[in-house]
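Per-chain residue numbering starts at 1, and chain names A, B, C and D are given in the order in which the chains are listed.
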Amino acid sequence: MSINFSTSIGGAFFANPIFTASGCAGSGKELSHFFPLTSLGAVVTKSIMVKPRSGRATPRMAETPSGMLNSIGLQGPGIDLFLENDIPWLREQGARIIVSIAGESVEDYAVLARKLRNVVGISALEVNISCPNVENRGQVFACHPDTAAAAIAAVRRNIGGELPIIAKLSPDVTDITAIADSVIVAGADGLALINTLLGMVIDTTSMLPKLSQKTGGLSGPAIRPIAVRAIYQVRAAFPKIPIVGMGGVTNGRDAFELVLAGADAVSIGTATFGNPMAAMTIKNELEELCEARGFNSFSDAVSYAHRVEA
Amino acid sequence: MINSKAVQLSAEVVSNKKVGAYHHMVFAVGDMAASCRPGNFVAISVGGASSSLILRRAFAIYRASLRSDGMGLLELVIAPQGSGSKWLVAQEPGDRVDLIAPLGTSFGIPKEPINALLVGGGYGSAPLFSLAETLKSRGCRVDMVLGASTAGKIYAPLEGKRSVNSLTITTDDGSAGIAGRVSDVLPKLIAEHDVDVIYSCGPMAMLEAITLISQRTDVLHQCSVEESMACGIGVCMTCVLPVEGEDGVIRMTRSCVEGPVMDGNKVLWNTSREIPDGVWGK
Amino acid sequence: MSINFSTSIGGAFFANPIFTASGCAGSGKELSHFFPLTSLGAVVTKSIMVKPRSGRATPRMAETPSGMLNSIGLQGPGIDLFLENDIPWLREQGARIIVSIAGESVEDYAVLARKLRNVVGISALEVNISCPNVENRGQVFACHPDTAAAAIAAVRRNIGGELPIIAKLSPDVTDITAIADSVIVAGADGLALINTLLGMVIDTTSMLPKLSQKTGGLSGPAIRPIAVRAIYQVRAAFPKIPIVGMGGVTNGRDAFELVLAGADAVSIGTATFGNPMAAMTIKNELEELCEARGFNSFSDAVSYAHRVEA
Amino acid sequence: MINSKAVQLSAEVVSNKKVGAYHHMVFAVGDMAASCRPGNFVAISVGGASSSLILRRAFAIYRASLRSDGMGLLELVIAPQGSGSKWLVAQEPGDRVDLIAPLGTSFGIPKEPINALLVGGGYGSAPLFSLAETLKSRGCRVDMVLGASTAGKIYAPLEGKRSVNSLTITTDDGSAGIAGRVSDVLPKLIAEHDVDVIYSCGPMAMLEAITLISQRTDVLHQCSVEESMACGIGVCMTCVLPVEGEDGVIRMTRSCVEGPVMDGNKVLWNTSREIPDGVWGK
């Protein structure tokens, strides 16, 4: 390594800027079969909820042009079993851990934050607010400034001092900078951009929506231009807020594009499904690209596309 | 957990032959061939560079063999259906594909010689021939039933037939064997051959029908399920179905790591599009 | 033709449901080199503004995975020259014409409607409200219920009795059904769904946004799942409103998917760039598919994915 | 308007040879070959079925010929750059591509014998050889300058060289011919050969430099421009540049239908990323 490839998000340090994306690497167990988790900047775990969750019925996925829809529905064991099994295992691996949490009510977020506040070995909390708010007609938290802020504020109040909070935003909004503003005010130390876009595929044989839940989240290369735009817009509005970028990154060039737009770290999601080694390849290619473009330090490349040339 | 033998490699196409409605394809995979067990599957990247197809496709391993000259071969039987499989069957000897294998669970092989009935639907016959050989080598009696909509969709190569005691064929249109479905002939075969275990692979509706029969006749049933898979390695949670665990709890269970081979009696069938009551976390 | 393949939008009749998408076929001249324009359900012309417009500087486009960005910026000759040259030519061809209009202010929409109200040979007006409103900090009309409604109301007031108004909506909003509601109340007879999504590509060599305007509109197969979802949602909310669907349609299967979701007609945009004959191929394939699925009439297939099975 | 001879067809690759940094590819296109003029281009679909590349790629026609046996051949010179061109140069004889041609304007051919100077940058030499032949057959004197960054990127086949009176080569790194840029050698050649018209094809910066020289020396300048094209047939408005029309009005003009060959003196150069003042409708 001849360049400084480390990064930091809200005070938390990471040896390199390549993370897994929540929900695209489980808790890291399977990927550790392909590479040591220590070679990732961080493992971002699948969003965990208060209680065990079956998730949605199948079909849960549909491939789309250069993308896919999913409606996993946050299947998981619930926070208690997660803390009992997954966190100790990840710690044993020596992995940097970012825990992603998701709730159905503001109180859920508060409960999750309290459960996590004294857990050792966690570098940051990612707060997935792209979940239906059961107390508000199932409207997604991330889609309105006030509900988004309420969820983040609940985490902030309950997490205690140290742990940086990363608010994960949805691109399915009229003005993503307004949502960013509200969660920053509510206490977010960083932002994760972007979650999936709401989409649908209809099976032209059954002539019904292909997914059991009708709609699902669109991810993969198809959405990369949306991710780059969202990151660029938010970076332009908030020059200093740490941003974890994600959305359709499949190679080092793609990751570099998000970095130039403003991402301080890049999460790899759907690309891992096509190639379990994706994160490693991307890490190496990104480092080479940063070097080839003359950056001595990764952080110099962050937001470089915003520069005003003389 | 993921199959501990799984490796990712670039495999050269050694041969590609059309057989009825299918393509029999052979890939050079080196030593890895030795770690494949009947029932395991492979996940292959499709579409080539700059493809719009971003997910791997899963295929049951038809046969895996490590030759004495050190050449490891992996054989698949592929039905050209949508864009991914059509791309794959268009690959020619010398072309290379990115492949991960072996993945998933394999058929349980009994320690004692038993009477086994192998049931395949369409390309679901693929993993059954290597299973038949293994069972034979353990002294089992092996009878086989293959069903399909029509004769061209029965995949039953000559050398495969040699490893079974009897082969019954059913087709929906009667173009080969008995007109009807595999489930029509099962009860008689189970009784006739005093079957201990059914091994099956095919469409989910067929597996469900077999499970009902196996329950009525008190026969064990190991089936290889087929759910849409986005990753094939256990990280995406798309390939789940409700399965009762050893602790009696029914969980949405990943068929790519805790399957594809599962105990048919533990699967809650026909539950696509809704989560059945009683599933953990519903 | 053995099925009834005609359709109607707000009282206007079309021999078949395949239209060109605004801005993807000019005024039809070039396409008429490849097929007679009479074989289209309608030619939807490139959005025309009050005055001549140079459009944006180049680069105006970037290819993306299964899609493209464009920032043409509504280049065009202005309504007067358009009425003098393009409309008479299209009439001569015997084409069914839908004129797309775009304005920078509510008054622009009013002016355009007045200029068009007595023009002979137009079947409908498509109102592109995905334009920056210069009177309102450059905010796009289609992004807020009130501005969207104001533009449509201005057209309604000035167009006179006959001509159906189709409001073209942007998917870049938190709740597209709310926008649909407001324009229907303001007098829209139909909706066009969807316009492009705002995206960005950064050139990793120059390390600057690739398009001169930084952002551009994302179109093509990549966005089809978004189009299907938007059409399905709006159809579910408004069972009777005529919908012209568009977004990533490249073959008959894709068109059928939009129809099942609720489209009464399907516009072909980006696909024409890859294949000038796209609209014709799609028309034939869609008709075959409708027939193969047992529909006697195209209109029976519309919204079929919403059925509740006994 | 679109080239009235344009047709869309499926063309078989007849040959594909690597020449320096380029691929020389030949396609069977039937009668259409007869309607291609020097300067016209083709638009080719790339990536194959289920590709994520949705737009055609434009290539200048290197040569088009209708053989006496009725076989029409179209020849291109392709630089493998990004995913589209790399896919194209990977196609083998017997493969087919979807192709639209001839498209765009062609170089104006003088009625009188004149002194012509042909200037090409990189693969920009492609359309110049057939132009040279045509000019020669009209009795013109034809001198040629080809420039590139390095020797491997000079495309100048033997048979091409035969149709010019002189060939000057420049390379940035001096690995072939004169070290420097084509614009360095132009003034001397213009004077030496008493040039009436410059015909050029290459990067936009080169065309701009040539325009400045042509203006200083009062030589006509027809150039073939290269703007990113989404459709190639005039419907998308992506390929525009500011050009002064016969009425003196400067319009954003489509280079796919009113180009690629344009009068260099009418183009407002170096205006990418902003609309110059004075453009109609700014």
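Just so it is clear, contacts are C-beta pairs under 8 Å (C-beta built on N, C-alpha and C of every residue); 3 or more make two chains touch, one makes a residue touch a chain.
Note that the structure is a prediction, hence the values are computed from the model and not measured.
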item: Of A-B and B-C, whichever chain pair has more C-beta contact pairs; value: A-B
item: Whole-Å gap between the CA centroids of subunit A and subunit C; value: 34
item: Inter-centroid spacing, subunit D versus subunit B (mean Cα positions, whole Å); value: 55
item: Euclidean distance of C-alpha centroids - subunit A vs subunit B, Å; value: 35
item: Distance between chain centroids, defined by C-alpha means - subunit B, subunit C (Å); value: 47
item: For subunit B, residues that touch 2 or more chains besides their own; value: 52-53
item: Residue list for subunit C, restricted to those that touch at least two other chains; value: 65-67, 220-221
item: Chain contact graph, described as a line, ring, star, complete graph or other shape; value: complete
item: In the complex, subunit B residues that touch subunit D; value: 47-53, 83-84, 86-87
item: Subunit D to subunit A touching residues, read off their complex; value: 52
item: Subunit D-touching residues of subunit A, taken from the complex the two chains share; value: 65-66, 221
item: Complex interface listing, subunit D residues touching subunit C; value: 1-2, 4, 6, 8, 45, 52-56, 98, 100, 227-228, 230-231, 233-238, 240-241, 251-252, 257, 271-275, 279-282
item: Sites on subunit A touched by subunit B in the complex; value: 23-26, 29-31, 33-34, 46, 51-61, 63, 65-68, 70, 72, 75-78, 212, 220-221, 250, 270-277
